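After this come two complexes, each holding chain A, first together with chain B and then together with chain C.
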Partner chain A sequence: MADAVETTAETPAEIPAEVPADPKTELREQAADALARLQAELGDAIVEHAAAYGDVVVRVRRDAWRRAAQVCKDTLGCDYLSFIAGIDWMPTPAVAEEGSGDTSTPAQPKEQTYGVAGSDGRYQLFAVVMSTRRKSWRVILKTDLPDDDLHADSWVSIYAGADWHEREAWEMYGFVFDGHPSLRHLYLPSEFEGHPLRKDYPLLAREVKPWPGLVDVEPMPGEAADADDAAAAVDGGESA
Partner chain B sequence: MGLVSSGKAPKPLQHLLNYSRKYSLWMLQWGLACCAIEMGAALAGPRYDVMRLGVIPFPASPRQADLIVISGTVTDKMAPAIKRLYEQMPDPKYVISMGSCANCGGPYWDSYSVTKGVDQIIPVDVYVPGCPPRPEAFIQGIVLLQQRIMSEDPAERWRGVTREPIVVG
Partner chain C sequence: MTTTDLPAPGELPEIAVDPAAFRHLADAQVAVELDTGDMVLNIGPQHPATHGTLRLVVRLDGERVVSADPVIGYMHRGYEKLTEFRTYPQITTLINRIDWLSSFANEVPFIAAAEHLMGIEAPVRAQYLRTILTELSRIATFVLFLGEMGLQVGAITPAFYGFRDREYVLNLIEAVTGGRFHPNFNRIGGIKDDLPWGWISECKSVMQKVLASCDEFDDLVVGNPIFQKRTRSIGIIPQELGAAYGVSGSNLRASGVDWDLRRDGPDYLVYKDLDWKVWTHPDGDSFSRYWVRLQETRESARMVLQMLEQMPSGPLMAKVPRIIKVPEGEVFVNTENPLGEMGYYVISKGATGPFRTKIRSASFSNVSLLPWLLRGVYVPDIVTILASLYFILGDIDR
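Then we have the complex of A and B:
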């Protein structure tokens, strides 16, 4: 513990000194700074903001999605796009009836819940941008996409690295990025139909086949031997 | 070849041919996932060293290979490439499917992207179960395949005779 304190004392001032008392809800010093600058630039385009483990999560209006990236890059100096991803908040449909013994998937929520900074609906875009020069300098951006209009502005002209991330979100969730140079399949075969990371995408194998853990059960090591021993014991008792 | 394909090769000649095929299996590696690590241990590790059994794992192209080992998760996107390279291999050729994913899809049995078993694309001679199988299991698969090659009538393949696949373990 003493070593840790010493190390902290020697580190340059720019490295975060302290993690906030409750990192889940409190912003780190840099994150609060970043949020203040974003608020000054974006104004009421910010729908909501919250803290997640010291970092700031900013939910912006959909029409400000591209502008938010521009501000992050130009004003905040976040020169690196970590990733863009989609979120589908719909609860996963139950894969098996209750009490069937199918334990292949963990218990799913029954109602739609949302993560940090909330959401208006089922689909969200989610991105993290950060600085390669300044330590602990990152912003998490979110925006809601209405179910009937899954369009958002592309970030490719701001962050060139957004290209593949947007292609992935396009094929996995069906989000359309306006201004993207070529939205085509990245991971999936080009004739693939559907958007497999949507929660309502049917897993066809489950439609035609029960979970192998139910129908193809092998005894655990020791179980079979125990059964044999028990049988042997019974046999021995009878013969005696 | 005419003699062999007509099935009229004398027994000692068949024995000699099988013997030489058995101990010079050129193996096309198809490492797709974590099973490839175990395969690598069996191939290159000094503890297992499958080359002592005459398996040479470095053919320059599938056209020089006798054996293909599918070790790992076969996806629908990879499947056409596997079929294509398998078709480039000259007969007689053998396939070892290594690990649960290649055998039947394994833990990805309900996935949208995984082929549920490489035997849907190419005929498999030896299944090595496990997730992943230990190098010993893989080597046992090789030995069982060599035993089958030794007892094989080289003309069988031309006559279209197919045998039941071997399952290790």
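Then we have the complex of A and C:
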């Protein structure tokens, strides 16, 4: 990690790019402007705001989700919807015990932490809107959905393209969008059960077939008793 | 059965024909207004105009489309879930397969996201190589479109030209990366290898060929009256609606929106050092989408020629730790890919793999406009509109 820090210290001197000095806290000029306007319009509906590499992340109250989109479109001129998606902040369940040699899955932290601008609970909805008329003018919006009531207002009447994105979030996370014309499956067959992008939904391919790095290991020639066992197992398998 | 089993021409059996069975034919000539009813037509999932497995359920009234409902997901591979089970270097292999015509361009925003979070910046020469390869994949994608679009209106020749030119460009990409479709050449902190010997002069001559064949497409397709009749004022996308649907890239520029992330987004790669132009067309129809892509192919070829001239020498990799652990944080990086805006929202919790990756792919939003766009068009125009939107199924389904 020390190497990486060194590189950052050197590069801005060579290339005078528009990289903020501390990307964790500093906003791009346009993003700060956008945030000021959002604050003026939405007031206390904004729960928290933070910076993510120059972009502004604004977390709004759930009841202001739709109004936030309206303000972005009308006041900020963000006429372009990039995407709407969900996040599940539950820690990734461990696939294999530690020390088992299963390196198939990167080990994620076990405690539940929340990303930029925080969250009240496990489920969050986030979206990116942009302007096609102003340079680097974009806002990342987030809102929390309580575990027992995964409802949010639909954006379809503001951004027509929200239709498919909301269908995807409904299918993948089980979020329900009030006012959406038809929440039906988008990618998956209509009889599919479960919400695959939730963290507690297992990656089924990995359950069916274990990580090849664990099972396809052949013993070295001349290795002890294990080699004979393995050979016997192979023979048995062939005759059966 | 041999020929002897067949009755001789003279002794054919008599078939009694009931004239009433054909009465409706006579009626049809009399009745001007026929109740045709709605007919449901399934286009796809296997259709040459769809570049994969897109199914369109089209409700027709006569020759007109009443409603169209795209059914997607035949190629859904669950990449967003898979990224949670892979390390960052492994993920570049996956995202190569999102838009398989311009795989290299897919890698760029993801690698940039990881680099932002790690606070690494790739050396200038690596940035140049990335830009060159991105533009080459743009050319490879677009020349195929320029040919394919001719095919959809019934002209075979442009398709051969398109495939021929794409082959030149793919050979260039293969010479550098070793892969024609899935280069997997980007590394966090730089790029794997330098250019092979003699590549620069080869690339220059290919770019001249591409520029020449763009003129050919101009004459052969754009100037063709039949092509114009089939595409002019068909499939018009209004600016505001296109933007609200998230339609991006050349499709939106063909509606007169002067917006290109290479110029208007946060700086990435070396586009700010180049002298180039964003092309737009005010009409927004199938023809203008073709025209804009033709101009952009030329522009990309010129950009590559420029970059070959001004590319600096230097290292290809920044200092990167051996095991790549990305610090905690969130970043959204989007770039202008051949098909439109490609973005990755990467959430890291400090592990060797991302906690969540939202993949924003261009074709998904471009195609979500279809129910609106196809309403009221005639059946033969469905194919030209689909072709002119230019989507890749892997980019829709992810």
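Note that in this section the second predicted complex is superposed on the first by the 190 of 240 C-alpha atoms of A that agree within 3 Å, B and C clash if a C-alpha of one lies under 4 Å from a C-alpha of the other, contacts with A are read in each partner's own complex, and residues count from 1 in each chain.
We adopt the following convention: a residue touches a chain if its C-beta (ideal position, glycine included) is under 8 Å from a C-beta of that chain, and two chains touch if they have at least 3 such contacts.
Computed from a prediction, not measured in an experiment: that's the story for all the values here.
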First (chain B), second (chain C), both or neither touched by A:132: second
First (chain B), second (chain C), both or neither touched by A:79: second
Touching partner for A:151 - first (chain B), second (chain C), both, neither: neither
Touched partner set for A:206, first chain B, second chain C, both or neither: both
Touching partner for A:188 - first (chain B), second (chain C), both, neither: both
Most chain A residues touched (candidates chain B, chain C): C
Touched partner set for A:87, first chain B, second chain C, both or neither: second
Chain B versus chain C as contact partner of A:140, first or second or both or neither: second
Shared contact residues on chain A - chain B and chain C: 187-189, 196, 203, 206
Partner chain C, residues of chain A touching it in the complex: 1, 3-8, 11, 15, 17-19, 23-24, 28, 52-55, 57, 79-83, 85, 87-88, 92, 95, 104-109, 113, 115-116, 126, 128, 132-133, 135-136, 140, 158-161, 163-164, 172, 185-189, 196-197, 203, 206
Chain C - residues contacting chain A, complex: 72-73, 76, 78, 80-82, 84-87, 116-121, 124, 240-241, 243-248, 252, 257, 259, 264-267, 318-321, 325, 327-332, 334, 341, 343, 345, 347, 349-353, 355-356, 358, 360, 364-365, 368-369, 372, 397
Chain A residues within the chain B interface of the complex: 187-189, 194, 196, 201, 203-206, 209, 212
Chain A-facing residues of chain B, complex: 76-77, 105, 109-113, 116
